[in-house]
Structure formats: structure tokens, C-alpha cells
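Shared between the two complexes below is subunit A, which pairs with subunit B and subunit C, respectively.
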Partner chain A sequence: MLCALQGVYDPTVVALTSAFFIGFAGIPGLFISKPGFGQLLATVITIAASLSGFAAALVLLFSQNTTTFAVNWGLPFGPCEISIDPLSAFFLIPVYLVAASGSLFALGYWPAREHPSTEKSLTFFYGILAASMAVLLTARNGVFFLMFWEVMAISAYFLVVTEQSREDVRKAGTVYLIATHTGSAALYALFSLLSAESGSLTFPVAGSLLPYTPAATAILLTAFVGFGAKAGIMPLHTWLPQAHANAPSHVSAIMSGVMLKMGLYGIFRTLTFFHDPPIIWGVVLTVAGILSALFGILFALAQKDLKRLLACSSIENIGIITTSLGVAMLGISSNNRTLAYLGMAGALLHILNHSFFKPLLFFGSGVIIHATGSRDMNLMGGLAKNMPRAALLFLIGSVSICGIPPLNGFVSEFLIYSGFFSQIQASTLVYLVLLAPLLALVGGMALIAFTKLYSSIFLGTPRSYFSTAVHEPGFTMLLPMAFFALLCVLIGLLPYQALRFVNPAINVFMPGTAIPFNPDGYGDVLGKISLTGLSLVALAAVVTLFWRWRMQRAGSTTGSTWGCGYQRGSSRMQYGATSFSELPVSVFNGIVRQDIKRPVLSGLFPGKSLCSDAPTETFLERVIAPLFSLAGVSFAFLRRLQHGRMHVYMIYIFATLFILMLWAH
Partner chain B sequence: MITIADQLLVLVLLINFVVLGTSRLIFSIRAVAVQGVILGVLPALIHPFSWHLVGIISMILVTKGVVIPMMLSRAMRSAEIKREAEPYLGYVPTLLLGAVFTALSFGFAGKLPMLAEHQNYIFVPASMATLMAGFLILTTRRKAISQVIGYLVLENGIFIFGLLLADAMPIMVEAGALLDLLVGTFVMGIVINYISREFASLDTSRLTSLKEE
Partner chain C sequence: MTNSIIHIFLAILMPPLLIGVIGKTKALFAGRTGAPFLQPYYDIIRLLHKGSVFSSTTTWIFRAGPIVALASTSIAALLIPFGAHPSPISFQGDMILYAYLFALGRFFTMAAALDTGSSFEGMGSAREAAYSCLAEPTLFFALITLSRLSGSYSLSPMLINISFGIWLNAGAALLMLVGGMFIVLLAENCRIPFDDPNTHLELTMIHEVMVLDHSGPALGIIHYAASLKLFVLGAFFVHIALPYATGNPYLDWGLFIISMLELAVVIGVVESVMARLRLIRVPQLLVAATILAAFSTLLVIR
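Right, the complex of A and B next:
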């Protein structure tokens, strides 16, 4: 079927047409007053368009030649070129997959019947967001790229503030808007610099720019700030937890799973413009990445809001990807093809993986919020008894994100570790091996964070009344989760096959030479991972069957979890989410705190008292907020210009005009 | 022909001073209407006959000569005001400023690099002087209706500039500009009604209470 498709239509056109349909899928619904039908129609259109777009992206990923279209758009910014090379095609895969499954998920999670006032705009902007991301991946002109970048940023804003009647949602939206436009400002500078360097606003050919000029450094810096703010690399991440936590869950899924990757795509794309990058670029990316990963997971650990935890873990994963990209750049700089391959493969595969397990987890969080109406993990517990299927799928996501075999997170992290260790016997870059314990620390803390997440939500006994009455989610919500869980398992079990999707995109960075598909035998190791994974699955199956068999023979009694025979246990005796992470978080007291407010107890039988905790946002509170209030104070004089007197406003315009006329002479 | 056009433009400039110097609103409205009519006739004098031109002229005459003045005087009657009582700047200083700006615009236009066929007209200086007069009215008057009048004078100034291009300008642009003006006046009319209902006066200086604290 794929070949037939290629013969008849150009896949680039197919991909763009799909994006067009996804973008306008929400429009019919705006004019249908009866709730429900428009949403259903949008979902059907989105899924159908995504399937064709996905097929086109696959064809483009593996095709040898790239078609470039020059659109005559009548704007004075040079020709508007559109093309999809393997790198763009690679990033297109998650766009279509997550857009389609999120759209299906929305049917159950945000049904029009229950949310008649917000569903229409939500469906509309969801399509616009997905389509704008697909189009910006195809853009080869700076202005065209920026246009769709803005469409993406603004539509995401409207999605974040879907529940705009809530104060915290509006605040999160504002923070996001400020952060995204700070990034956009850097991107305007980036594309101006690029056009000054290459002579036109069309993207320069890969490897055509010199890296050792001051302009190149400026280009890289602006790209890092602009794209890094979107991706959520550490000093620029402040918008991310609030925005992800307050958006509807399928929106969080597409924002975390796909929109953050657009920032990474920007960094990847900018790096392709240069040949022979200096070693310092790799060092900066690696250091920023590993710090992001470390602090991101640390913040995740301290959260009690389940979606905030997931959002902070996105920062961690973006950090891991950036580290790996930095390692790859070190490899390219030092002409070490093995290192470059391992770093690049690790980064790209982790991008793919993260865009599978993070939407899975955010969908899971949507299921939980839909069932309980809360995001506070301290109030949940025991949900696995009532929704075993959702619990199993959520568990698969959690295990994947922690990088535990036999699931996909392990494969990409394995490649990254291999990169660190590959230079241990070389004369240069030996220090890379020091990154391994840091990444291991990140992995360990991720394990604690996701154990906290899973166990406080799904295990134990219910901690509040609403956790007791939950039920299994419907088919539309389970199917998207199952789809991503299946992808996680497949990549985990067949890592060698997964690498085939990554290799064409790596070629964009190292053009001219054949890819070392199996550098230094690492491919064979991946084959062994596959074997280990399969045997792990088999072992788990055997143990489960044996356990079932034993349970059937033995007969069982039921009691409350952790009751241990004592039937008067109360749910408040178990570890809560906050208390679970109290010790590991306290180690990093200076950086992040859970800020637990304990009641003062007195007497032998103290009365009822409350204990609360609120995780601190150190960076936002200590650095960004003071900076903003400083700016507010130092620019207070400008507020005098805004006084409400209309005629003086006219004088401003008049004065500007007058000065311009004088200046013309 | 050129001399007639130039003399009409001088008339337009004089009307600017009339509007700048009078405190009676109904008189300003009529003066601006006359200005609009004169400007409507002008294209007929400088461009050869074409149906496109006829279309433009009739639209301008109807809009600027009839519809907008009617809307404004109705707004004035419903708001029950006759005079601009206390402008921010007195009438004599405004007139003097208007004279200064007119002189300046003649000086400025003399230095602009223009096409040879436009050089003998006083289109560009008249356009700029009218524009500035509009700005002066906008900035010195307090009542919302005066603001609308200022806006109209400002638009007339822009229109004079556009006259130079009437051949090159497609009818859609003209129609768009006229529609813009009509809608602008319409919105202003609504705003005026709301201001007078909300603040029991048409004084735009009361709008400072809408300022963000």
C-alpha cells in the first residue's frame, strides 16, 4: 500500500494535506449546535488524516530523495520552500500518532455533553495545534517557520486556559504566554542573524555555515534560548509544570509528547546548518542537559500533584535527550563516528520513546482525574482494584519512563550509557564516563518518583471517599493508552528494529557517508537486549501463571491492603505520597523542598489537626520572580505613559509622526 | 484645470481653520461635510473620465456629504450638547498652531522627492496640513463628537494624498477606505452613546477612570 501511495501521490503533499485536514477538523463542530456530533466528526477526520499523514511520514523517512516545493506566497521574504527530509519526517511521526490518539481520548475525557461551553474551542484549537506543528516541521523559510511557530504557541495557550474560570489556570496561561514569547523573541533574532549570515531567509543548506565566527555563536545562543524555552531545558522551564498541570489531559499529552519536541527539532535543525562544530557546543549542550535531567526529576519527586509530577519528569527527559545530543555533537566535533552515532541514536530514540510513554502517562492521569476529580496524589489510593486495566497500562508507562527493561525507555538510555562508556579507553573525552553516575542518579530518582506516583494512586487503600467509587474508563480512553503501551513494549522488545526508524534522521547530520548501522558491535548488543527482554517477559508470564495456579488451589481471604491480618487498619496509616518522598527530597533541601506544615500536637490525645504541604518552585521564586519584580520597579516610570487621557495618546502618535518626518530630512 | 484644483485645495485648508476655530459643534460638522464634498469633486477635475471615477465620486459624496453628517448631528442631538465648552487648549492657540503646522507641511513637502507630474500641485502639502489639523482637533478637544470630527478631518487629509494615486488605486481599496470610515464613525457613534449613558456627559477626560491601577 505504501508503494502504491508513493507512486500516485507525492508523500510530501499527502503529509501536508493531512495536516490541513487535522487543522480544520474542529471547524464543522463550531457550527453544529447539537453537542457531540462535531466532536465525533473532528475525531474521525483527525484519525483518518493522521493515518495517511503517518504513512506519508514513514515513506519520507525511508525515501532517498527529498522533494522541495517552492510556494509563491507573494510576501517579501524570499521563496517559501517546503520540504520534508528524514529529520522532519522523523519528528512528524509523533505529531500524527499523538494527535490521533489524543483526539480519540478526548471523546471519553472531555465529552461535549458534559462540557458544552468549552468543548468546541478545545476541539478547534487542538486541531490547529497539531496541524501547525506538522506544517512548521516542513518549513524551510524562517518567516514561514515563525508564522506556524506562533500559531502553535498561541493555540497551545488557548488550550491551556480551557478552564479559564479558574484563577490558577489563568495564571498558568499567562506565565506560559510570557515564556513562549520570550522564546519567540530569541527566534526572531535567530532568523535575522541566519539571514544575515546566509543571505536569505531560506534555511541554509546542511553543513554550509562556518562555525567559528561570532555570528555563529550568536546564532547558536539565540537558538538555544528560543528553542530551549519551548523544549523546557532547565533555566527556561518555568512555564512548563503549571501549563501542563492545568491543561486538559489530552492537551498535556500532545504538549509534552510533541510540542516540547518542536523545541528540540529547532535545536537539531540549527545544528545541521554548520559543519565541523566546535567542541564547546557539545559541552554546553551536555552540561545543560544533565543539569536539566537532574533538577527536573528532583522537582518531580517533590510534587504532590500528579500532573505536575509528570510535567517535571518531561523536563528530566528533555534533559536526557539534550545530554545525548551534546554527546553526539562531541562525537561529531572530534570526528568520532561511534560516539556521534550512539549519542544521536540515543537522543532520537529517546525522543520517540518519550513521545510514546509520556502521552500514555498523561492519558492515564486523565483517566484518574476523570474518575476522582482531583490531581492530589495524597487523596488517592487503591484505584487499581476498581480500574485494573488502566492501572496495568499506567504501570507499563511508569516502568518505561524509569528505563527498566524490557521496555523502551531502557533501550534509549542504554544507547546513551554506551556513548558515555565508549570513550573510556580512548585518549580523548574520557571524562564522558563521569556523566554515567549522574545519569544513574537521575534514573534512580525517576524510579522513586514513579514508584511514589504509581503506588500512592493505585495501590494501598483509598485515602478519601471519592477514590472508592471509581470505575474502569471507557473504550475511547483505554484504546489510546493501550496503543502507546503496545508501542512501548514493541520498541523495548525489538530495539534493533526501532533503530531503523532513527538511522535515516541521523544521516542528515552526517551526510555523505554510509551510516555505521552496527558501529563496534553495538547492534549485536541490542540484539541481546531483545533476547533478554523476551526472556524477562516469558519469566513474568510463567511467574504470573504459577501464582494464579497457586491462588486457585489455596483459596484466599480478603482484607485491606497492608492490613496484615489486622482488620481495623485505617487508610491514614499508610504512607502518603508526600511522606513517601519526604526522605529523598530532604537530601536536596537547598534546591527544592516539600514545605510540610506540621500541626503542633499537645497532650496525650491530641485533637483533630491538619497537615499540609506545598512543593516550592525554587527557581521561579528565587530567580525569575525577583527579576520580574525588579523589571516592574525599574520600568514603573513607563506606567505614567498609560494614564487614560485619550488626547494625550493622540499626541503620542502625532509626536511619533512628527519625529519621523523630521528624521526623513 | 490645475488651478481650479489648487483653489479648491486652498478652500479645504481654510475649512481646516474653520473647524479649528469654532466652538459650535453643528458648524464644525457642516464644515467637515463641505470639505468632504469638495474633496469628492476634486478627482473629477484632475483625472480623465471613467466609470470607476464616477463610482468613487458618487460614493464619496453620499457618504461624506450626507450619511456621516446626519449620523453626527443625530448623535449630537441625542446627547444634548451644542458646544465644545472647555477644550484643553484655547481656540486662538489652536488656530496659531494650525497655522504653524500648515507652514511646516508646505516646507516639508517642498523637500520630498516627488514625480515630476505631481510637483506643481499643492496636493501633498494640503494633505499633510489637513492631517495635522485633524490631529490637533483630536488632541485638543474634550468632547467625543469633536474627536469624531477630528478623525474625519484626519481621514480627509489621507484622502487628498490618495487622490494622487486614484488611477492606480483599484476600486476595492477606495471602497474599503470608505467603508472603514463609515464603520469608524458608526462605532464612534455607539461609543458616544455609551459614554454619555455611563458618565452622564460626553467628556472623554472621564475615561481616565477606566485606567488600570
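Right, the complex of A and C next:
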């Protein structure tokens, strides 16, 4: 089949073969009746294949020449080209890393023994999802790309509805399916437009299309809608929180850590087709990005379901990445290489960072749910005592995602801020710097959201009985978390090294303009950041030693928390997740509410009463939901075509094909 | 090199003096003699010799709170220039690190407060979260204005650049910046009218209530870190409000010390003549500060 196959050891072939093995890792398990062995086999295959795929992706990232394979597949869409350039290789890194660690995590989180009915399909579709993402990154033909895009979308659907006996899971699955197919419809339009513009369904050569035609605008718009819906850019994000919250945690990890990035990859790839992009593209991306970041983190702030909080924070992070990409496009449009470099490096490094700390946090959420059986943060508390290791790893993830030094989130946000400030002396581009206070506000809100998340789960006293029976998770669950936590610390302390992985991908993006490795001394700047980060750690160690010395001299005792004289304090008097964010959320009441329903107390001895709260999104409820119900009513007549009789459906397909063929002649 | 040593020396030794000066000023206003200027030093040393009580609810996060707060503020002290002298560590974009180091300290202080499981400390922590988030954009607007005026984006050149000449050219913008940053300085350091550092049990407390359960050396570290934070943020403010420079390095160090003491007196006067705000007014004042700073930004980048 591969006609241009030159050598079996070609890294492109290795990467594809690895994807093939990951994709079919779940199949043996379908035929093994003894529970557990199939899952173990799948994990071993996935990890081995991911390691070789990861190595191949690294080789391809740093290699200068890209091999292209043309597959003659006998379909009428032109030759199917496959190749992995550094941009694809860069996006392949998280695919393999998250796939392998998620598969290991599943052994402890979703063991076949405890979930005999769902484990097989979960393992199977997990492999298919990971493999389809790896393959679509290699596709250079629109139809081939769309095929695997659909495989990815559908396998993710089956993963989301793993616990299909629950109604909210089914509902989340349906919403996801509608959203993903709306996005796919835009992508069909995109690739049709592209083939009309370039003459074939093979992807156009980088920088070959003219940007100032109406067709180019249409291409960009369809790409933004189609890929943006997958990435979760506002206002195309509505499917995201519920789908992430209801999927098993390692699935949420790969969806948030990797699948959302496929949408971003699509936007990146589409942008490479054009040369000299107009300023307006950068403006649109920047505005959409910063709005996503602001509203995403605001929604995260109001949540009480820990996985919904993490999912909303994904919207925020995707928004930050899109902002940075927009900044880079502005840099390219205005021929400003420093701005283009900083924007692009910030965007790509944040993609890498988010695909490390978000899976870490979703794995952590899996550990918490596994231990407590709940997702409601208001019921938790005090878990750090029972699971100190998981608590430490989760803390590293929480600090990283807030963009706080000395961890990795800070490095990418630093590059993005530097992009904003680099144009401080310019005449028009100076307005870019007004994004800095907005990003600071996003950072401030992220700090509240993640203090709330971490503290209400791990600190204080247990707010519910189950928290006391919790124990440390096994190594299959801790190891994947520790792996990503280590990556977060390493990138945070050695940011200069992290840039090496980003630079080749930037080179693809701007063909013809060789980007210096160290524009305007940014290598030295990152060296200084690394220096301050290390001295921060050292200083903390010195203070700790000093304090321990003082404590040994003066002694210490243990007592109960001071209750200001009140002797009967209970764990329910603590500040919970909802009460912690009540004040900041109330400032933004028009956009999102926590909707706390307080009971009316009367009499000297009021009886038992209930207090409840539910986060509500005004935009979703006032705009999106009415629009959808309007669409539902106005298209009700189409229901007559949809009656569940299979043979009539096949006639539809046949008739459509026939009409299309007539039309083509 | 000498300047770096003086810088570190001042950053280590001088911060508690500011608290002493503020206390003395307030005492004078109240017609009392007041505690000696060096009282904060005695307090910190006394606390370092005391034993500690730890709540059985707490974990290592509770102990990490003061340590991280002190370590992150100390690094911030190395990034900010004192007077006309550049800071020991300076690079392009260091102001972003400066702003985010406070966020690191805040994360751990809030987490440590919530670790005790006390409703008081949870309350303080929630308020700190909300108010500091609202104060964040003000600092960034100030950084933009200063960065635009000086044409650089590193703290040392952008702050040392401010002189009476710049005040003559961009006086309106700088005046609004002084207003906005003074509000943020008071809010971030939990001074009146946002918070009262003297009372521990009022329900309107923010910072003091978060550290209710810390005792002994930990409390000493917290008090010291708080005074260092006042010193570091104060140094930033003094650059804008009192941009004296003589050109003589030793005179400049003296001028810097005098300016910081002047600032402490001003804070003391504000604390003496004002009452604490009602809690619901606090966000309004913070948003007003942001708008002041945003105005100054618009004036310089138009």
C-alpha cells in the first residue's frame, strides 16, 4: 500500500506503526473472557507503542527534512499524502505521552474486575481515540483528515457515554455529538473551499494561498467555527464542561489534554496555508481568545463539581493559547519578528504545558472520585491527610495551571506577556499591551478558582463521612501523575530547554523567515527566570531549616484549631467551595451566578431545612438554549423523515448518492 | 557590587522599621507616647523564641504558608530597584515575575488559612482572594504606563526613569497613577481603610484573620514577610511619587531611606484620620483604583 516506502526505520513509519498498535491495543481484550488480562495487555502495548512513537516524534521534530508518502488508495479524492513535519511532530508529543500514562492510570482507576461490563469498550475506544488523533496529525489530504477526524469524534462520544446508565451522562454525550457534528459540517465546507481554491484535496503548500480573497475569508471562518468548536473557543464551548465532567477521568485527561489541541492544530495548520495574513485575522483570534479566557475562568470559579471546574479552566487555557496565536499573527502581518516569535512560542509552549498539567489534574480528580465517590467539592475536605502523595502532586498541578512561578505555567504566560509589552513603543500595536491587565485578571481569577479547588478538597476537616475512609491510591495511578508533575517542575525551572522543543514548530509556521534561536536575548531572559526559580526553591529551603531550628529550640505542641472561644465547632462550619467563591462570583453576577437558595428560618427553634446552590451561566441559558429550542421547533417537520425504519434510511443514502452523481455529470 | 550589598542589607533590615514608624505616627495622632520605633523587631525576635502550637487539623501546607510567603517576597525584593540604584537582578519582563511572585505567596497563605478548617480563616481567605484579584489589573496598568514612559520593560530602568522632568511632561498620568497605586498599596498590605492590622477578631478582618492559628516562629516569619511586602510595594510607589535623585550614590541611598520613612508617616496619617470601610465598599474602591490607573495608561498611549 505504501508505494513510496523507503525504509522501515523511517521515523514517520515508526510513528504511524505506533499509532496502529495503540489503535488496536484494545482488540485482543474483546476476545479474552477473563477480566483484567486484556486491559493489562492493552496497557503494555500502548505504553510500548507510545514510547517508540514519542521517540519518532522527537526525531521528526528536530530533523531538517520531512518525508512525504503518497498512498494510492483508489478513492476519487486524489493521492492520499502522509507526512510529519515539525508542527505535526510537536502535536504528536502530547498524544503519545498522555495516551500512555492514561492507559496506565486506567489500570487502577477503571479496573476490569470492578467494571466488567464497561471496561472492554472503554479500553477499545480509548486506543482508537489516541490512534485517530496521531493519524490525523499526519494527514495531508482533506478527505483522509476528515475520516480520522470523524473516528476521533465518534470514539470520544463512546468514551463519554461509558456510564450510559446515568441520564446526565447520556445527555452530555448527545450534546457533545451535536456540537462535534456541527463543527464537522463546517470542516466539510472548509475542505471543499480549500480544494476549490488550490485545485486538489491535498493540503496546499505552506504560504501558497492568497489571503485577500473572499474565498480565503470563508476558509478562515469555516476553520474557526469547525476547529474552534473542537477546541472549545467561546461561544462554541457549550458541549465541553458536561462532556469532560461525565467521562471517566483518564478520558477527560486525554480529551482535555490532547483532543482540544487537535482543534488548535487545525487552526494552526490552516493559517500556514496563507502568506501575508491580514491584520484582521490576528485581531479576531486575539479578541476571541481573551474573551474565552475571561469567561472560561469565570465559569470555572462558580463551579462546585470539581471536574466541571477543570473543564471550564480548559476553556480558559485554550483562550490564552488562542490569544497568543492571535498576537503571533499580528506579528507576522506587521512583519514584526520579535512579536511573531514571542506570540508563537507562548502559544506552542502553553499547548505543551496545558497538555501536562491538565492531565495531571484530571488524573488527580480521578483519584479523588475513586476515593470519595463524589464530584461535589462541598462534600470533601481533609483528603491531604489520607493521601499525602496525591495531595502533593495535585498541588503541583494547581500551582502550575495558575501560571505561578517557579512552575511551567508561568513560563508560557511570561512569553505571552513579553509579547504584549514588546510593542510598548509602537504606534498602533501598542494597544496590544492593554491585553496585559486582562490576562492578569484571568490569572487572578485562576488563583481563586484553584485555591478553592485544592483547599476545599484536600485541606481542612472532612465535610462528609466518606472522606475519613480514604487511602492513598496505588502506583498505577500515582505514577502517571508523578510523571506529569515532574515535567511541570522541569519546564518551570529550565524554561530555556523547553524552548528547544517549540522552536522547530515555529519554523514551519513562518517559511522563509528563519527565526533565530535567541531573538532579542530571550534565552538570557529565560536563564534569569530559571535562576530566580532555583533561588526561590533554595531560599524556601533555608527558611525551612531556620524555622525547624527555632522550633527544636522552643518546642511545639498540638491542639485543636482556635474557635475564638466557641467549643462546639463542627466541620460544617468551615468555608466550603461555594462560600469561598461567593464574594468574587457576586462581582460578576450578570454573567454567572452561584444561585444559592437559602432556607427561610422562623421561630426561636427553626427545624431542619435545606440550602442548595447551583452554578448557572446566563449566556448559556438566555442565548444558546433559546436558540436551540427555536431551531428544534422550526425543524420539527423533519422529524417525519426520521422514523427508525432502517431500509428507508438506506433508500435516503442511495437517493442522495444518485442525485449527486447526476449533478456531477 | 557595593550597591547590591547595600540593597540586600536594607531589604533584610529595614522593613520592620516602617511598621514601627507607622505605629509611632498613629500614637502621636492619638496623643500617646507609643511603642518605640524598634518595637516590631523586638516582637519578631520574641516570637522566634516562643514555642508553637499546631492544630491537629493542619497538614504540611499550613507550615509551608509562611515559608513560601517569605521566600517569594524576598525574591521580589531583589527585583525592585531601591531609589536611584538598579536592582541586583534585572531582565526584560522582570515586572511580570514581580507581580506573579506575590500571587505565589498569596496561594500558599490562603491555602494555609483554609487548612485550619476554621470558618474565620476561611472568611479571611475568601476576602483576600477576591480583593487581590481586583487589585491585580491596577498594578498592570501602572506597569504599562511606566513602561511606555520609559520605553523599556524591566523594573529598574522603568522606575529609575521617573524624574521631575517626566512629571512635568506627563503629570496628569502620573498623578492618577499615584492615586491608584496608593489604594493598591494600602489594600495589598491590609492597612486601613481596607483592613485593620491591630484587631484580630473583628469580622471585617482579612489578613490578620488568615494567620490566627499561626504561632511562635511561624507568626514571627509572617510578621516579617508582611513588613517586607510593605517595603517592596512601598519602594515601587516611592519611585513614582517621590522621584528624588542627586547622582551621588551615597546621598541617593539616604534619600531612599528618607522617602520610605516619609511613606510610612503618610500611611500612619491615613490610618489615623480614616475609619475602616464597610466591606461592600472595598471592591468599589479597588475598581476605582483600576480605572484611575487605566486612565493614566490611556493618557500615555494615545
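Of note:
What we mean here is this: the second predicted complex is superposed on the first by the 600 of 665 C-alpha atoms of A that agree within 3 Å, B and C clash if a C-alpha of one lies under 4 Å from a C-alpha of the other, contacts with A are read in each partner's own complex, and residues count from 1 in each chain.
Please note the rule applied: a contact is a pair of C-beta atoms (placed from the backbone, for glycine too) under 8 Å apart; a residue touches a chain by one contact, two chains touch by 3 or more.
All figures in this text were calculated on a predicted structure; none of them were measured in a lab.
In the superposition on chain A, contact is made by A:F580 with subunit C only, not with subunit B. In the superposed model, A:S571 makes contact with subunit C only, not with subunit B. Once the two complexes are laid over each other on the shared chain, residue contacts for A:M661 go to subunit B alone; subunit C is not touched. When the shared chain is aligned, no partner comes close enough to touch A:V623: not subunit B, not subunit C. In the superposition on chain A, A:I651 makes contact with subunit B only, not with subunit C.
In the superposition on chain A, contact of A:F414 is made with subunit C only, not with subunit B.
By the touch criterion defined above, A:V71 reaches neither subunit B nor subunit C. In the superposed pair of complexes, A:Q642 makes contact with subunit B only, with no contact to subunit C. Once the two complexes are laid over each other on the shared chain, residue contacts for A:A384 go to subunit C alone; subunit B is not touched. By the touch criterion stated above, subunit A contacts subunit B in their complex at residues 642-648, 650-651, 653-654, 657, 661, 665. If you check the complex, the residues on subunit A that touch subunit C are 381-382, 384-385, 388, 391, 395, 399, 402-405, 410, 413-414, 417-418, 421-422, 424-425, 430-431, 433-434, 436-438, 440-441, 443-445, 447-448, 450-452, 454-456, 458-461, 520-522, 524-525, 528-529, 531-532, 535-536, 539-540, 543-544, 547, 550-551, 553-564, 569, 571, 573-575, 579-584, 587. Interface residues of subunit C, counted against subunit A in their complex, comprise 48-61, 63, 66-68, 70-72, 74-75, 78-79, 89, 91-94, 96-97, 99-101, 103-104, 106-107, 110-111, 114-120, 122-123, 125-127, 129-130, 132-134, 136-137, 139-141, 143-144, 147-148, 151, 153, 201, 212-213, 216-218, 221, 283, 290, 294, 297, 301. Interface residues of subunit B facing subunit A in the complex, by the touch rule stated above, are 88, 108, 111, 132, 135, 138-142, 147, 204-205, 207-212.
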